[in-house]
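As written, the chain order gives the labels A, B, C, D and E, with residue 1 at the start of each chain.
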Amino acid sequence: MLEVTNLHTYHGYLHVLRGIHFSLQKGETLAIVGSNGAGKSTLLGTLAGIYAPQAGNIVFEGEDISELRAEQVVAKGIALVPERRQIFDSLSVKDNLILGSYHRFRRDRQQVLRDYEKMLHFFPRLQSMLDRPSGLLSGGEQQMLAIARGLMANPKLLMLDEPSLGLAPLIVKSIMEILQQLKQEFGTTIILVEQNVRAALGIADYACVLERGQIVISGAAQEVAENPAVRDAYLGKGKKAM
Amino acid sequence: MKTNIKLIYSRSLKGPLVLTFVLLALPFLIPSPYFLGMMVLIGFYTIVGTGLSMLMGYAGQISLGHAAFYGVGAYTSAILTAKMGMPALAGIAAGALVALIIAYIVGVPTLKLTEHYLSLATLGFGVIVFIFFKQLKGLTGGLDGFFGIPPLEIFGFEFTTDFAYYYLVWPLAICSILFARNVIQSRVGRALRSIHGSETASSALGVNTQKYKLQVFMMSAVYAAVAGSLYAHYVTFISPQLFEAMASIHFLIMVIIGGMASIWGGMVGAAVFVFLSEGLKEVIPLVMSNASGEFEIVFFGVLLVALLIYMPEGLVPALAKTWKNLRRKKDSGGQNSRNAHMELEDEKEVQVSMVGGGER
Amino acid sequence: GKSSETNADQNKKASENSEPIKIGGVFSASGSAASLGKPEMDTLKMMADKVNAEGGINGRKIEVVAYDDKSDQNEAVIAIKKLIEQDKVVAVIGGTISGNSLAMIPQAEKAKIPFISVAASKNINKPVKKYVFKTAQGDDVVIPRVVEYLKSQNLTKVAWLSVDNPYGSSGKEEFVTLAKDAGIEIVSSEVFEATVNDAKPMLTRVKQKNPQAIVIWGTAQESAIVTKNVRELGIQVPIIESHGIGNKKFIELAGEAANGVIFPAGRLLVVDQVPADNKQKPVLEAYMKIFQEKYNYAPSTFGGHAWDAFEILIAAIKAAGDDPEKIRAAIETGTKDFTGITGTFNMSVEDHNGLQSDSLAIIEIKDGKWTLKDN
Amino acid sequence: MNQAAPLLEVRNLTRSFGGVMAVHDVSFDIFPGEIVAVIGPNGAGKTTLFNMITAILPATSGSIRFYGQELIGKKTFEIAQMGITRTFQNLQIFENMSVIENVMTGMHIRGKTGLLGAGFRLSQVAREERTMLEKALEYLEAVGMAHKAYESAAMLPYGNQRLVEIARAVAADPKLILLDEPMAGLNPEESRELVDVILKMRNKGMTFLFVEHDMETVMSTADRIVVLDYGGKIAEGTPEEIYNDPRVIAAYLGDEGGLEC
Amino acid sequence: MGDMSQIVQLLFSGLTIGSIYALIAIGFVIIYNITGVLNFAQGEFAMFGALICISLVGTGMPYLLAILLSIVAVVMIAAMFERVAIYPARHSSVPTLIIITIGVSIALRGIALFIWGTDPYHLIPLTAGDAFNLGGAIIQPQSLWAIGISVISLVCMYIFFEKTFIGKVVIACVVNRFAARLMGIRPEKMSLISVSVSGGLGALAGIIIAPISGATYNMGLMLGIKAFIAAVIGGLSNAPAAILGAMIIGLLEAFTEGLWTTGFKDAVSFGILLLVLFLLPNGILAKSSGKRV
């Protein structure tokens, strides 16, 4: 369904992605981990059409989308929940959610409204603040909103950039459950960039480690989790006494 | 880790020295009194522009009313010297002082506003001051203007020629630039810039943002007032029309053309502004005989827009960047592909960090 | 003083080479005052061509260097400096609007170059400045005519409305003093902006004072709006205006409301109605004809000021050569009984304008046409 | 538990936003040299609490004392000058400056140069600049960002910007530092490194109050934990006490507890 | 102090001028909402609307057709302006963008000067009818047109921005252009549409004011500045509030001029505005900006 070959992206003169290869089938979940500045966000941004790759191909459902711009990529059924949340802060929570479905709003308004109800069900915390300017929410509430807005796009491929950032453990868990549910019910393909490695590997089929713009370790999630290097860096050498 | 202050601040005196030298030689290289006159004007504008770029480019506070301070300087000095017979130097100092006080009074409430509200408030301030120039006929002569301002005299030397004025204004302009540069490259400058970056964070780090905004506002007001006083003694006639809202906008244009977040921007902008408007007067009739003023206006507008579209940061930063890129290219031996890429990237939203987001 | 000496030196040299004599012009050919400045600029160029076609002065051609100040004082100052320092002209004609003329005066005085202003404000020539002359009727010439008219009609309680610029304010100053002497009471005195959109708010105040007549002192556009507003508010008293509305535009803009408006103006507007025995008539007709032929629009009284300035200057150059100092003296002493477009000039040491009230006719707008009411 | 007088005393602190009680009647103490964590579900009022301590938001009622001095009514910059600095959950990096200048701005209150002194470049200014620069580099080194000192702060990846903010807050050499989710965006290894930095700073005499959702960090770093829920304090105690508090488990950690040990 | 008829007269004068400011101010707000640009060329749209309409009527074209055509023409000018000047500069800083629009307005004014010269022009009123008397005040039919059209625009804008999906989309573009694109919205398209629409509104304002105060090439400058003030007082992102702001300015001007002085009219208006701003630093009807740290 998604095939990425030899992807190179620059920020100005900075060569950030240095030849990324991977492919995903429908309904699979890929977790990406890596240290600060490894290029994770750049990778998702490139896939979403925010950054233009200098070289390489992104083939989605048999179509090369590497030349498309962000708004065109969305129309193909790819949604990104970006880093830093990027909500519409002066618009109400409700408007934010509805805008998430922009590319399909006119086509199936009824479905959008049903999905909207579903989001409130997923994130009950948002229910009491539907008419508040979303910029006034707490950090975690905004993060929930950003994720819910991403889900409103009802994408075939959902990309999330550190969704658990700023969320309480209970909520992190429920998000992982929601992702699982999406996968099972709709066969949504998911790419997950996470620092909460344990949670991410818990739901992923595949995982890869990105370092300095290259994939250095990849494989089934379980395998990656057992890789000693990953264990040391991302899972902790045995937890501190608790 | 080696510390090297040069990596953040260029403090070399080489640039300013070369510039000063060139400026000193200029009247001999181009011995045209008309050209000298232009240069004197540019000198005044440089002083105003430098102050304004401190305020706008560094501290991030827009002012659409700086012509008012220019006018306050001009009128104060004019009234004191022509009507009360004070020496011109005292007039200039008094002009600066009055501007300082007005800036303080106006700044206290105004600088609490942000962005567009600030620009409206300063615009309003400019209009109000203009109206006072116009209506206080007893003091200012109203719209008829103010006559008989004596020429500047320092220690018995009268500055009556463009030549003399040139050597008065330009050293002063260079000094004002250096002063501004020193401020920028210090604790105070960082405080100012941090206000531009995030006022909340700035105050959470102990920066008294209101105080610094006020200080820089007052500083830029003094710059404008001094330039205004000098102007008054130079032309010996002033009228309110010279200090209208449009004049404030002209200052703004100069600063932005030059590059508001660069210390030389004010000077370069002033020079471009003056030579562009004067140059068009020469060029347009050559291209189209019997074209009148309107063509200059159209071309000026079009050039302004084109300049800013291609160099949104202004001339100085754009030239600096080009220079850097050239050197880099030389170093890396013609990697043209990268440049091609950069153009491609331009098509898409490159500067994510520039895009307003929930986080910022 | 240094620059003018070098000027003079060079000019002396120039005369030996029989190079053209340079005359400077600064007019507001664009910007807000363009409707005044354009015909002035055109007139000056036309006149130079005419003189040159006739062989120039004493065998030397005239070269007019004219700049457009865009109705901006700063530009005007730059322009006259350029004329004096770069182009080295022997004299300057210009300053379409009073503000620009006033702004240029110090430069001309400093460089000791004769400057003939074509703007109205009396501050230009009063007090007399050595190098400054004026060919437009100042308020000191026009206002007496207005007061005289008011008195003749027995209108003794009037409202005075003037535009908020030097033109309006100097008119007001003059009117206030003369009206007092003439026993006319100013029941309401107001200003309006040159950019006025709607003067009704201000006129509501005027209406309450029940004046017997309203004097509106401004140029065509703003005066038209105020005039219209006066009638819209249902005020039916006579309206007297300034010579600044002597422009077809006023009638077009004010529409119906223009009818009945009375104003003093140069005779150029009603040249066809001027009695044949008036000695201005041939000059006016000549100007009308050659200007219309060359530029294809009717000349205005403002262009007439430029015509007069040019003629006066040329006469002085003919008599005195190309030395600015001598030209100045020649203008001052040599301009006697010169009949121009604006009127008959008699300059002297005390009077650098030289016009009398008789240079104006009283005109009434009837059915959208200027009609000579009182010659 | 701690004998010394409290560094910060928070008493009955309350803040409402048009009826919604974001923080309600919260009281607690912080003693010198402590590391105290504030945890709680999203929207519990943690950030609002921080905003009140630093006077970015006025409190509706209650009192905050620092070294016995009332903070309510003071301005944000005065509080910073008294020795409390902070980082932000929504990053507030100065994007118009380089990384090192960000940190040097953090040292603002430690400098003296005024506008005129700077403009005329008095001799002590150069000295002050040099020491500031050196110190700033040290702080950057401490958080592992020295190699990016001269880069533009705007271009840094998210995690690095967090580190710069921390270095910037520490550079003021405050008595008390408030960190709002310092670990967000850092991977586990990077978090552990940051914890080490915090511990080292504590040994130098700084006191920390921080908000964090990463239980591993909280449990391993904090001496004491304050738990908020719906604006109110529901528990306070040592990590062990909190970890086993049924109310905290229900409201925040989840049934199985925060860590799958 | 004035009597009743004077008050009514001033009220109508204020509302009439206010309505014209309002139409331009809405254009201001629309462009600001979508592109984040404070468009100082807004007044020039009014100027072109008025002058083109006058020229068309001058050719003997039916009045309504002329109005329609001139609006279309200005919409096209606005669209070109967006493509040529706003779109390429979309990443620039606020002051740069302000100056770009000032540059455009300078150029547009120059072009108008070239075509129409400096002469003022006059347009016949929309409807002939006589002025009528209301409580001693004389009201021109054109005033009613101005007020009516701006009220209608107010209602339309309110519904558009507050009640329709596309209105939200439009706001989303300026609140967070980056996120808007991630939702599949094309900010460029919105920007083109919005600038064109506000061009049309500006043209309409110009056509309404032309019979009242005539039209010249430089009428746009002052109208633009007044509209800017109105928009800012209203809080900038809120069209109904901008209309309120415009009415406040119109009334303030009329009443200071009518009851006190003309010379200090602008000073009084600005002075009061500044006072208001100092008390309500985010405009009179400011909505929460939704920013916190």
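As a convention for this text, a contact is a pair of C-beta atoms (placed from the backbone, for glycine too) under 8 Å apart; a residue touches a chain by one contact, two chains touch by 3 or more.
Protein names from UniProt, one per chain: A, D = ABC transporter ATP-binding protein; B, E = Branched-chain amino acid ABC transporter permease.
All figures in this text were calculated on a predicted structure; none of them were measured in a lab.
A.B. asks: Looking only at C-beta pairs that count as contacts, which pair of chains has more of them, B-E or B-C?
C.D. replies: B-E
A.B. asks: Report the chain whose CA-based centre is farthest from the CA-based centre of chain E.
C.D. replies: D
A.B. asks: Between chain A and chain C, tell me the centre distance in angstrom, where each centre is the average of that chain's C-alpha atoms.
C.D. replies: About 75 Å separates the centre of chain A from that of chain C.
A.B. asks: When the centre of a chain is set as the mean of its C-alpha atoms, what distance in Å lies between chain C and chain E?
C.D. replies: 37
A.B. asks: How many angstrom lie between the centres of chain C and chain D, each centre taken as the mean Cα position?
C.D. replies: Once rounded, the distance between the two centres reads 74 Å.
A.B. asks: Show the residues in chain B shared as contacts by 2 or more other chains, in ascending order.
C.D. replies: 134, 200-201, 294, 296-297, 349, 352, 354, 357-360, in rising order.
A.B. asks: Return the residues of chain A touching two or more other chains; collapse runs of consecutive numbers into ranges.
C.D. replies: In chain A, the residues touching two or more other chains are 11, 50, 69-70, 84, 86-89, 134-136.
A.B. asks: Got the chain C residues that touch at least 2 other chains?
C.D. replies: In chain C, the residues touching two or more other chains are 30-31, 34, 38, 164.
A.B. asks: Once bound in the complex, which stretches of chain A touch chain E?
C.D. replies: 48, 50, 69-71, 74-75, 79-80, 82, 86-91, 95, 98-100, 102-103, 105, 133-136, 149, 153
A.B. asks: Using the touch definition from the top, list the residues of chain B that touch chain E in their complex.
C.D. replies: Where chain B meets chain E, its residues are 56, 62, 109-110, 112-117, 119-121, 123-125, 127-128, 131-132, 134-135, 200-201, 245, 249, 252-253, 256-257, 260, 294-302, 304-305, 308-309, 312-314, 349, 351-352, 354-358.
A.B. asks: For a test of understanding, state which residues of chain E touch chain B in their complex under the given definition.
C.D. replies: Contacts found on chain E: 38, 84-85, 88-89, 91-96, 98-100, 102-111, 113-114, 175-179, 181, 225, 228-229, 232-233, 236, 263-264, 266-267, 270-271, 273-274, 277-278, 281-283, 293.
A.B. asks: Applying the document's contact rule, which stretches of chain C touch chain E when the two form their complex?
C.D. replies: Residues in contact with chain E: 30-35, 38, 164, 190-193, 195-198, 200-202, 204-205, 207-208, 220-221, 224-225, 232-234, 249, 252-253, 255.
A.B. asks: With touch defined as at the start, can you tell me which chain E residues reach chain C in the complex?
C.D. replies: Going through chain E, the ones touching chain C are 2-3, 6, 9-10, 13-14, 16-17, 20, 113, 117-122, 131, 138, 140, 209, 212-214, 216, 218-219, 222, 253-255, 257-259, 262-263, 265.
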